[in-house]
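Single-structure report; data block below.
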Amino acid sequence: MNKSIKTFCILIILLFFTLSFAQKIEINLTEFPRWSYGPHGDKFGWIKEQIKIFEKKHPEVKIKLTELPWEGGIEKRQISVASGNPPDITAYGLNEIIKPILEGLIEPVDEYLTEFDKKDYYENALNAFKYQGKIWAFPWLTTGIMLFINEDLCKQRGVVLPKDGIWTYDEFVDAMKKLTFDKDGDGRIDVYGFGYYVTPLDQAVWPFIYMDGGRPLSEDMKTYTFDSPQAISGLQKLVDLGLKHNVVLPGCAAMGPGDIWQAFAKEQRVACAPWGSWAISALRDPKKSAGFKFRVLHYPVSKKGDKPITFIGANGFVIFKQKDTKKLKLCVELAKQLTNTENQKLLIHYASFPTRKSASKIYETDPIMLAAQKIIAYGVIVPPHPEWTKIDDKLSRQIQLACLGEISAKDALTLPKIEIQRILDRSFMKKNKK
Amino acid sequence: MMWKQNRLIVIILLLCGAIVALLPTYWMFVTAFTPEEDIIRMPPRMIPQRPTFENFRKIFLLTDPKKSLSKWFLNSAIVSVTVTLTSLFVSALAAYSFARKKFYGKEILFYLFISTMMIPGEILTIPMFLLVKKLNLLDTLWAIILPAIPAPFGIFMLRQFMQDIPYDIEEAARIDGCSDLTIFFRIILPLTIPALTALGIFTFITQWNMFLWPLIVLSSPEKYTLQVGLATLQEQHVRDYGLLMAGASVASIPIIILFFVFQRYFVRGLAAIRG
Amino acid sequence: MKRRIDITPYLFILPAFLFFVVFILYPVIRALLLAFQDYQLTGEVRFVGFKNFVDGVIKDPVFWIAMKNTVLYSIVRVPINVFVGLIIATLIYQCSHRWQSVFRAAYYLPGVISLVVISMVWKWLFNPNYGLLNQLLLKMQLITQPIPWLTSSKFALPSLMLMAILSSPGSAIILYLAAMSNIPKSLYEAASLEGADEFTQWWKITVPLLNNTTLYLLVMNTIASFQVFTQVYVMTKGGPGYATTMVAPLIYFRAFKDYEFGIASAQALVLFLIILSISLIQFKYIRRRGEYI
């Protein structure tokens, strides 16, 4: 008898607690490890503090943070979205949410941007999240890819780099040739000028293909245009680096960023390699790099006077469709807090660039970051096509084969044409059906 | 038995094979003890030049109390032990039936069990996720434990093994009037111990090393299993190989210990059969 | 005489069956149904008949490339792994108990380490410029140029096969050892008396009596081999080009990168049918030898 009364009381107490918790509005926030924050280097430290600040301001809210690892985390988030269990708020690049946008799963944020916001955000930051006329995320940070070069090796081999970081393809080849040499005199070349990698969804070498004006898709994204003579000549220039000028680490196209990083940053067997801006802080870390002096440069241009080009990725906080307007307002406020000027200034720890003008002076005293900022000012994004992952996959594989010398540059860009055009046509028909 | 004279050759051959087999494992441990600055692949080092515990320190000095390593360890242990014990028992029961009994639908049922293994697990992820969600088991260890208990490969393996057990012992017991359950517990199970321990080790290792499914169903860091938790320590771009291998080493130690423990039962079981 | 249906067999199976139906059969059926549906991210499903099969299987050249690679890989990996396991187990069985324990541990332990880590180590071993394999071969002057193990379409798939072959068949060895101890010594004694030499004894007695274990290992290895994923994902991502593209990763990326679940399910269904057919053939041809008097 006593026992059942006890259980009953416990149940009542539990019920009371769950009810009191149920009154709180729960926001699901999913985040990845960022920079080390706080005395113990917690990579989720920043977001946790932001959560505390927000919960203090809004005691009726409880924010549940899901800490994702980089390994598998993207897939996990994707599965959550695909099974109808999306987070309420998380950081994405535009390309990752095209399909969800088309399914009506994302909240457009135009109406929540104040006049100040619209003026404060860089134009290409807002454009990076524009799709079908609306903006779909609160822009947070931008990164971009650029060429990194080992200045110590340059000095050793008498290579003079362009002051403004802009060089033509021929100047680039000359420099690479000087940087390809036999270090220990055993008759085999130990150091190569250039090393790169070709992996799906990574555009590390695409600026070469873009060099002469080649573009994968037409402006309206309805037609495949990568088999144009300009694209082929661009790819040919990339391929020639390895096959004609022999300045490229053999087989690197099939190796992967990890191997190339080892070669470039640790072993200094590669003098120049393409990385995202994150590499700037990594190369200054004695644990991750051999500690040599380095510079960042633009990708080479076709001829003098041409505008350089590179790829940028922008990340912004996205809010999934909410049924409860009160919750939606809170999510918006949270997103705005996370992307406000003060927080964007903290991106200095993450070697990435703020999307707000009011926060962009953080790198004033850092010449390399300033140079990087200038480089990504010329950045473009990949075409925001809903089937881009499929298109990119097919192209990456062909480009890889061309770089390895197994097929010609022309074949690499013409072979996938039929398949890709079919994907484009089907996608266009699907969009129209809706 | 065979080749008594050439016993030395056999041992040498096996030793060479063992070295080849163990090489990757050896390098894993070497890398675990190599400081991050020294992890260069060329020339490959047999013995770390400046061995350090730094990588292990990184793992053990997780500061956020929610993320403590011991909690991850405990979660992994709970999952692995529960699944192994339950799955072994449940599979053994079923395997006995398939191995020894004649009943209607036996073949079909057995093939049904086996055939589900042939579906690539990846596409089962979403239906299983939806199921777990419906059962309100998201973000609990049950979401990992329950789906792992029915183990067709376990039933398959034990059935094959049980089929080889001689009938006479069983017949003798039946004549003596023993029920099926008694025969199962007193005769069949003891004779199946080598297979059971092999299956047990295998099941434990599979559960212990599982990464993707626990990652998908868990969201609170304090519920993370070891493999998932260790992954959150890695950075996005530059993989910290020392940390990775240290984590893998730490994760493999309990299994190695368990293996040696199980080995004894395995051997005892073998002796019981031979005797 | 009344014929009572013996329900004991069913009772024994019941616990496993219950778990099975809920946590395996139900998701499997749902996943297979998805092959005939179009799954939207909002959760809506639309029945589309065989359209996914047409788009994802018949009209998709990459699927067939992946299938070809996977079949080739399996044809090499499965028989060799099982056979090597048998040989090694036989050799170990000859040794004293102490050596047996040592080798059992030595050959099984590599399987304890997660496949991800093993793949990373092998990827380094295969590095054309400074991986151990090329370094050794060059030093021993067996080759003059470094071999592009994973960086050439020609060598990539064979490299993965090589890795599979050189990986220790730990569970095969353990199982064979366990099964070998089930074989009564009297059989060998009788054979010796009749003048059979040791090899004949092995071939005519040991191997056939291990059929049950062999069948299990063949089927399981086939299933695992056709579903190979981690090695491909860590080491080559299916490259160079499509040289190491395999079916399971293809299906996975179709579902979770391209968000095309219906097509991924259709491809999975096809893969399933192929594995099922091969297994049925294996079951048929490796007959059970229960009685051996």
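For reference, chains read A, B and C in written order, and residue numbers begin at 1 within each chain.
Just so it is clear, contacts are C-beta pairs under 8 Å (C-beta built on N, C-alpha and C of every residue); 3 or more make two chains touch, one makes a residue touch a chain.
Keep in mind that this is a model prediction, so the values were computed, not measured.
K.L.:
So what shape is it, when you link every pair of chains that touch: line, ring, star, complete or other?
P.N.:
Its topology is that of a complete graph.
K.L.:
My parser should flag the chain pair with the most contacts; which pair should that be?
P.N.:
B-C
K.L.:
Which chain has its C-alpha centroid farthest away from the centroid of chain C?
P.N.:
A
K.L.:
Measuring centre to centre with CA averages, how many angstrom lie between chain A and chain B?
P.N.:
Comparing mean C-alpha positions, chain B is 37 Å from chain A.
K.L.:
What whole-number Å value describes the gap between the mean CA coordinates of chain B and chain C?
P.N.:
Comparing mean C-alpha positions, chain C is 16 Å from chain B.
K.L.:
Using the touch definition from the top, which residues of chain C touch two or more other chains?
P.N.:
Correct list: 127, 129, 255-256, 261.
K.L.:
Quick check on chain A: which residues sit in contact with 2+ other chains?
P.N.:
In chain A, 75, 79, 82-84, 269 touch at least two other chains.
K.L.:
Would you please write down the residue numbers of chain B that are in contact with two or more other chains?
P.N.:
41-42, 125-126, 130, 211
K.L.:
What residues on chain C touch chain B, complex-wise?
P.N.:
It is residues 5-6, 8-10, 12-13, 15-17, 19-20, 22-28, 30-32, 34, 88, 90-95, 97, 99, 101, 103-118, 120-122, 124-125, 127, 129-132, 135, 166-168, 171, 174-175, 177-179, 181-182, 184-185, 188, 198-199, 201-202, 209, 212-213, 215-216, 219-220, 223, 226-227, 229, 247-248, 251-252, 255-256, 261, 264-265, 268, 271-272, 275-276, 279, 288, 290 of chain C that touch chain B.
K.L.:
Would you pull the chain B residues touching chain C in the complex into a rising list?
P.N.:
1-4, 7, 10-11, 13-14, 17-18, 20-22, 24-25, 27-28, 41-44, 90-91, 93-94, 96-98, 101-104, 106, 109, 112-128, 130-131, 146-147, 149-150, 152-153, 155-157, 160-161, 163-166, 180, 184, 194-195, 198, 201-202, 205, 209, 211, 227, 241, 244-245, 248, 251-252, 255-256, 259-260, 263, 266-267, 269-270, 273-274
K.L.:
Using the touch rule from the top, collect the residues of chain A that touch chain B in their complex.
P.N.:
For this pair, the touching residues of chain A are 32-33, 40-44, 64, 66-73, 75-76, 79-80, 82-85, 257-258, 261-262, 265-267, 269, 275-276, 278-279, 282, 286-288.
K.L.:
Touching chain C in the complex: which residues of chain A?
P.N.:
Residue positions touching the partner: 75, 78-79, 81-84, 99-100, 103-105, 199-200, 249-256, 259, 263, 269, 387, 389-390, 393, 397-398, 400-401, 404, 406-407, 419.
K.L.:
Please name which positions on chain B make contact with chain A in the complex.
P.N.:
36-37, 39-42, 61, 63-64, 125-126, 129-130, 133, 138, 211-212, 215-216, 219-221, 228, 231-239
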